[in-house]
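Going in written order, the chains are labelled A, B, C, D, E, F, G and H, and every chain counts its residues from 1.
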Amino acid sequence: MAKMTVDPFYCKGCGLCMAACPKKLISFSKGINQQGYHYAECTDQSQCIACKMCYQVCPDVAITIEK
Amino acid sequence: MKVRLICSGFGGQGALTIGKFLAKASMKEGKEVTWLPSYGPAMRGGTANCSVIFSDEEIASPIVNTPDVVIALNQPSVDKFEPLVVKGGVLIVNSDMCPNGTKRKDIRVIEMPMSRVASDMGSMKIVNMLAIGIFIEATKVVKHESVEEDLVAFMGEKNPDLLELNMQAIKKGMEFAKE
Amino acid sequence: MSKVLMKGNEALGEAALRAGCRNYFGYPITPQSELIEYMAKMLPKCGGKFIQSESEISAINMIYGAAGCGIRCLTSSSSPGISLKMEGVSYCAGAHLPFVFVNVVRGGPGLGDIQPAQSDYFQATKGGGHGDYHLIVLAPASVQESADMMFKAFDLADKYRIPVMILTDGLIGQMMEPTDFPPMKTDDEIKALREQHKSWCMHPRDEEDNSDKNVIKSFEIDPQKLEENVEALYKKYDVIARNETDWEEDNISNDNEILFVAYGTSGRIAKTVVEMYKEEGKSVGLIRPKTLWPFPYNAIKKAAKNVKKVFVVELSKGQMVEDVRLAIEGMTKVDFYGRSGGMVFTPDDVKNYVDSKLGEVK
Amino acid sequence: MKIIATRPKALSDRQFTYCPGCLHGVAHRLIAESMDELGITKKCIGVCPVGCSVFAYRFFNCDFTSAAHGRAPAVATGISRSRPDSIVFTYQGDGDLAAIGTAEIIHAANRGENMSVFFINNAIYGMTGGQMAPTTLAGMKATTSPYGRDVNDVGYPIKVCELIDSLEAPVFIERVSLLDAPSIIKAKKAVKKALQYNKERKGFSLVELISTCPTNWGKDAVEATNWAKKEMLPVYPIGLIRDKGAK
Amino acid sequence: MSKVLMKGNEALGEAALRAGCRNYFGYPITPQSELIEYMAKMLPKCGGKFIQSESEISAINMIYGAAGCGIRCLTSSSSPGISLKMEGVSYCAGAHLPFVFVNVVRGGPGLGDIQPAQSDYFQATKGGGHGDYHLIVLAPASVQESADMMFKAFDLADKYRIPVMILTDGLIGQMMEPTDFPPMKTDDEIKALREQHKSWCMHPRDEEDNSDKNVIKSFEIDPQKLEENVEALYKKYDVIARNETDWEEDNISNDNEILFVAYGTSGRIAKTVVEMYKEEGKSVGLIRPKTLWPFPYNAIKKAAKNVKKVFVVELSKGQMVEDVRLAIEGMTKVDFYGRSGGMVFTPDDVKNYVDSKLGEVK
Amino acid sequence: MKIIATRPKALSDRQFTYCPGCLHGVAHRLIAESMDELGITKKCIGVCPVGCSVFAYRFFNCDFTSAAHGRAPAVATGISRSRPDSIVFTYQGDGDLAAIGTAEIIHAANRGENMSVFFINNAIYGMTGGQMAPTTLAGMKATTSPYGRDVNDVGYPIKVCELIDSLEAPVFIERVSLLDAPSIIKAKKAVKKALQYNKERKGFSLVELISTCPTNWGKDAVEATNWAKKEMLPVYPIGLIRDKGAK
Amino acid sequence: MKVRLICSGFGGQGALTIGKFLAKASMKEGKEVTWLPSYGPAMRGGTANCSVIFSDEEIASPIVNTPDVVIALNQPSVDKFEPLVVKGGVLIVNSDMCPNGTKRKDIRVIEMPMSRVASDMGSMKIVNMLAIGIFIEATKVVKHESVEEDLVAFMGEKNPDLLELNMQAIKKGMEFAKE
Amino acid sequence: MAKMTVDPFYCKGCGLCMAACPKKLISFSKGINQQGYHYAECTDQSQCIACKMCYQVCPDVAITIEK
């Protein structure tokens, strides 16, 4: 079981995590955060393998991975 | 005649370009004009703006603190500049980007859903020209012919179809401001 | 010539090109970058040479080399970058080298910020570098004047073999105003510019040319000789002070109650205040120095003759105010109003301050 | 479940001021993680440059100073020599280190000053709006090389690691990439080693981190990493240049 | 403590060591080299750190780092080298950093020569760097005073968190005079010096120390905040002007016919002239400013009250004379005599000039 | 009989201001001879440094300028770029080029500026009375390294040719010795080639000339050359580093 | 009491050292004293010199233009400083190095073949002490004990035999000045 | 036949030519030149082989060789 959470406070919607996720689980949120960006969300936690690729590439350290 | 304009929005929304087009048009009509951008923190805060002064005589200070007209392309711009508009002044707003709307009753507020209108007409790029059209009609500071002349010179060869669209957007804005 | 809507920084570049300047050496810094970018774009098109140097110090030393060859050349920067050029500027002044450099002043001290300011006045007019020397310092208050002064700067530099600084600020640099330019110098004129200094400047010679060699230097190991060089500099400075001191008078008359002295952006703002007082039926005059060195001491002394008070307004903690006090020699009270750190006062700010002080004087 | 990856403690909780997709943020994380793992945050003193990372002092939970453009290695020398029990590191852009700061970086390296230098090579001047840097690639457009960098007129991209490698004193020199997850993981090792040797007072370490500047490259975040992989890595080969610390 | 015959430059170094300075960063230049060589010899002996930096610019930035760690540190140079430090000095002033630096002034401008001069006054007191800032500037006139002022400089720097410049010249630097020194600070005192600034300076912390992090910087991207920093600097400057202005009075009395104002080497020479006039039965007073910033405006205004003329003598084309004119505000005529390029006038030169001018005034 | 060796025409007739036995004078002769042989004296513009050769402008019959300390390569860039038909050369000491002038020499070399740089390495600051230079040898005493240069504290002698060799653009880099007649003859070839390539506008050339400073080394002229041969040559190996001009 | 001395010679002839020794001795006797070297072109022209002022009160300007005493160790020094000696002043000359001798009659000239005397006594290094001996005797400004005390402190352990020679040289100079 | 002449105007008596001459033909003059130095002289022109070694090493370019 793994959990990938994106903190909308930090995320700037750059999309790097989406490109990096081997399972292609990440996409943009509907709403916009306080800075005006559509932030990233893990669409299917069950598929997440906690490989931390998304965490590695995130330039705003917005992602937390639990396992 | 001396008219002070502040034009504000997100970096990239074209607020500064609107100011430049209007300034150039006014210069073509032989008027004195100044265009002054705001820099630094404003850019980050989402209110990149420019101040434009149209005048018959030499313009002393180019800084605008009491604008006659404000063009606000997003909510932070409305919040920041609505309070500064002189009584009886004009506030032109892109309602699509300003969910909380405007407050003042002692000024003329022209709200147009510019983003939707622009996308209906085929390109988000023409939001600027809608605002310009409204400004021309609401203030009569510059003639639309001057703006169009500039547009033709500016994108005549390079981008004729966008030119066409822009011309229509100006007219659309002028009509909207008539009602 | 029809007017063009242009940024102050770019108007400086365009005017330099039209004045025959074909060599630019500089380093990027906000709020000056439009000028270096304009030269990067335009110089290659007219056979000129553009170099982004590794630092402001190497830029002023490239200038030392090019000006030493009698070639019209330009460099520019903003406050911190200008401080880095102080040794180089002192060398150029000591070697009687003609060139133009621009300081687009920003908030200081230190890394400061990128907003407009006037807090480099002392550095420009009293000498930021070591030793006895002066520069001609021109202070534009508009985009048109920026262009006109760039033309004049190159002529003054060549006429007196002296570095000329254009002291502008972030606001005038970033502002756009309708501007017209004199025509581009013809190829022949530019060719003549490369010949004019051949009596003293370094230049390759043809085989049959047996003229004496030229040496460009700023030192004399014998103090007697160095004193002679400094005396020569100061003789030149006296001539310049007599011939080139320049200022603008606005509403100056014998019945002025107050006199404003302000330059550049502050000069524009003060002009609005003069108009505001005119509407209140109060006669207020303004002297706007256009040359900060040589400073218009006499003009200010004359205009202050029978005013109740002199107000100096600057975007700094007060630097030009000392030269105004030197001009007035205690004859009238001199008061100062200023904002620092890149903050720009409004006409109302200035008027409120003056009104508060006038209350006292009545 | 247990947290296996989150914001390092050495990072402050402030939002980065960098543009979306700018890899400055990744470099910050690698440094902060290394500080946590080496337990040295309270001993660290950072020196940030003039450039987009001029705000770096806000993002780390240790003492910091903002140096004049190009002078971070000299400022760090002053710190290291007056508080020898501190762990000093500089964080510099390519304009800062390889243009105006050339003399400072070479002489701090030559003296073997005890410091770790993290050098972010994004081949452009970010903060001032996209001018050419000494690391700008041949033919690459920038606002002061509008027709593309002409190497015959203004010279070739400077390879800083190779330049420093000609000096005797430096202990550890490595060039790493932040352009994809595997590279970032490898980069972390180099960043940690630079701080490790610093902690053991072994002398001067330099880590060059190949990075991106989407805003001034006119590309989005992902395009920028791809472009950098294709264009920058051939000019700036990744790998260990020197490691005299292991002995 | 028995006196020692010592060169001015070396006395500066010895005093710095005794004041607890254990970090020197500098670059060789005549006529300052004895100071850097003295520190190279002595610092290793007392556990201090000496670095000959690659240039004067890296030296002032090493100072920025060390002073940012709250450590007593020293750098020194002469005119051209000081010009190279102007950006760094502006950064240090903006960051409220305490340290001492020495300018052993030599003939200028440019590479100039290695003879003594006073032509860097403007750079030191009005600001050679960009932006609104000031330094405390002390001007010794003897080897003993050089030592005393070095001690005072470190105390003032720490007390007000401000850079302090000692503005001396090649003559005082090369001259030997009997000098005595206060005792070396004890190890405890030196240890305390390293602790005194821990509330704001950068320093490594023990694990249990959870005090807030300290940041040393000179910029604020928001102009409002930068203005606040500049206002804080200028509030500090007002306090310093009130408490620390220092000058020496020689033969000042109400029946002075003439007043001399001169500092450093010129101050010594003017003193001889005062004696020469005393022998002729003429009452001549001398004000010798010891702090050039803050400048003793009031003392000069008071002393000039009923003199016929004020004479300012400097080894330059006239720089401090402007501050004297600002003090006098036109109340009395202010005349100037100076030599430039490293030439040093004799007491007779000065007296002949004054006599020639007195003829006119009678 | 015919004169087969005398003062070159490019040398002025003034006495050198150098101390007896100082090899600055030999370097001057080699340059002047090359100017004569290449027939370029009237096209030459020289840039002298701050150091004992600050007076060099007096000794050559061509236009000259005295640059600020360390800035000769930048001054020469300004000259070369504004009078492209001139043949610009700089003449610099080791303090001038390798300490304060590090950024200037590296970036002029990296831009491939069309100039010849003659770099006199005498391992000391001559003019200011014998302070340590970046080229001062390990353990060597100088007034600012009174206990001998401690390489662990203030770093190793800098090898300028090797440092510049890490850059792409330079065309010709060679280190030569002035310590005896055969070496001087070989040195002459390198000096002449640097001016030849300059004349053919091939770009940047650097010649490092190992020299002596009897006065500050506390040795007489002959002892100084012997000491330099024994101590300096092992640290500064003589020979061609790069010659891309021949192609 | 105020006595002004200029001491001049080739770089390396020890003119500056003579001045330092005398200044230290006078300081030991509680007098005010200044020592000022000349630099730059003088050094190259063969007249490296120092000015020393011995006084009871505080010394204002340390510059000497009208010396009471001149010690000239070579011809260029005689040529440059002989004209400046005040009337009735003292000119001490090392005749071995001054082939053209001296001109003035209105001052006391003491010419000693110092180089030969020194080499006869066994070392050229003691020329300085001969000049010092003459100065002490001719001017009485400092006591020879003070100079000797300094010498002992300066080279007591390091170089006892040179110390001995120096002491004899001072005496030799003093005797010479007596005649 | 060869001729080596030293111009006393330039020679500073540094001795480098003496060390370099393969025939050891050069020594110091009796008199001193205008700068106060004993200058170099070729003691036996007949032995001189015009090898120019002395010319090469002379830092003050005081030597002229004829052949």
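To be clear about the criterion, a contact is a pair of C-beta atoms (placed from the backbone, for glycine too) under 8 Å apart; a residue touches a chain by one contact, two chains touch by 3 or more.
Since we're looking at a predicted model, the values are computed, not measured.
> Chain by chain, through touching neighbours only, how many steps does the shortest route from chain C to chain H take?
Minimal hop count between chain C and chain H: 2.
> Give me the set of chains touching chain A intersected with the set touching chain D.
none
> Roughly how far is chain E from chain F, going centre to centre by Cα mean, in whole Å?
38
> Taking the mean of the CA coordinates per chain, how far is chain A from chain C in Å?
Chain centres of chain A and chain C, defined by C-alpha means, are spaced 54 Å apart.
> Cα centroid separation between chain D and chain H, in whole Å?
59
> Give the residues of chain D that touch two or more other chains, as numbers and ranges in rising order.
Answer for chain D, listing residues that touch two or more other chains: 54, 66, 68, 99-100, 102-103, 106-107, 111, 134, 154.
> Among the residues of chain B, which ones contact at least 2 other chains?
40
> For chain A, which residues are shared contacts with two or more other chains?
Not one residue of chain A touches more than one other chain, so the list is empty.
> Can you list the residues on chain F that touch chain C in the complex?
Touch residues, chain F against chain C: 42-45, 47, 54, 57, 61-68, 71, 73-83, 85-87, 103-104, 106-107, 111.
> Quick check: in the complex, which residue numbers of chain E touch chain D?
These residues of chain E touch chain D: 23, 25, 49, 51, 53-55, 57-59, 61-69, 71, 73, 87-88, 91, 95, 202-207, 209, 213-219.
> In their complex, what parts of chain A are in touch with chain D?
Listed in rising order, the residues are 1-3, 9-10, 12-16, 19-20, 35, 37, 50, 52-53, 55-61, 63-67.
> Along chain E, where are the residues that touch chain G in the complex?
My answer: residues 3, 5, 30-31, 113-115, 170-171, 174-178, 268-269, 271-272, 275, 344, 346-348.
> So in the complex, the part of chain G that touches chain E is made up of which residues?
Residues 20, 23-24, 27, 32-37, 39-40, 60-63, 65.
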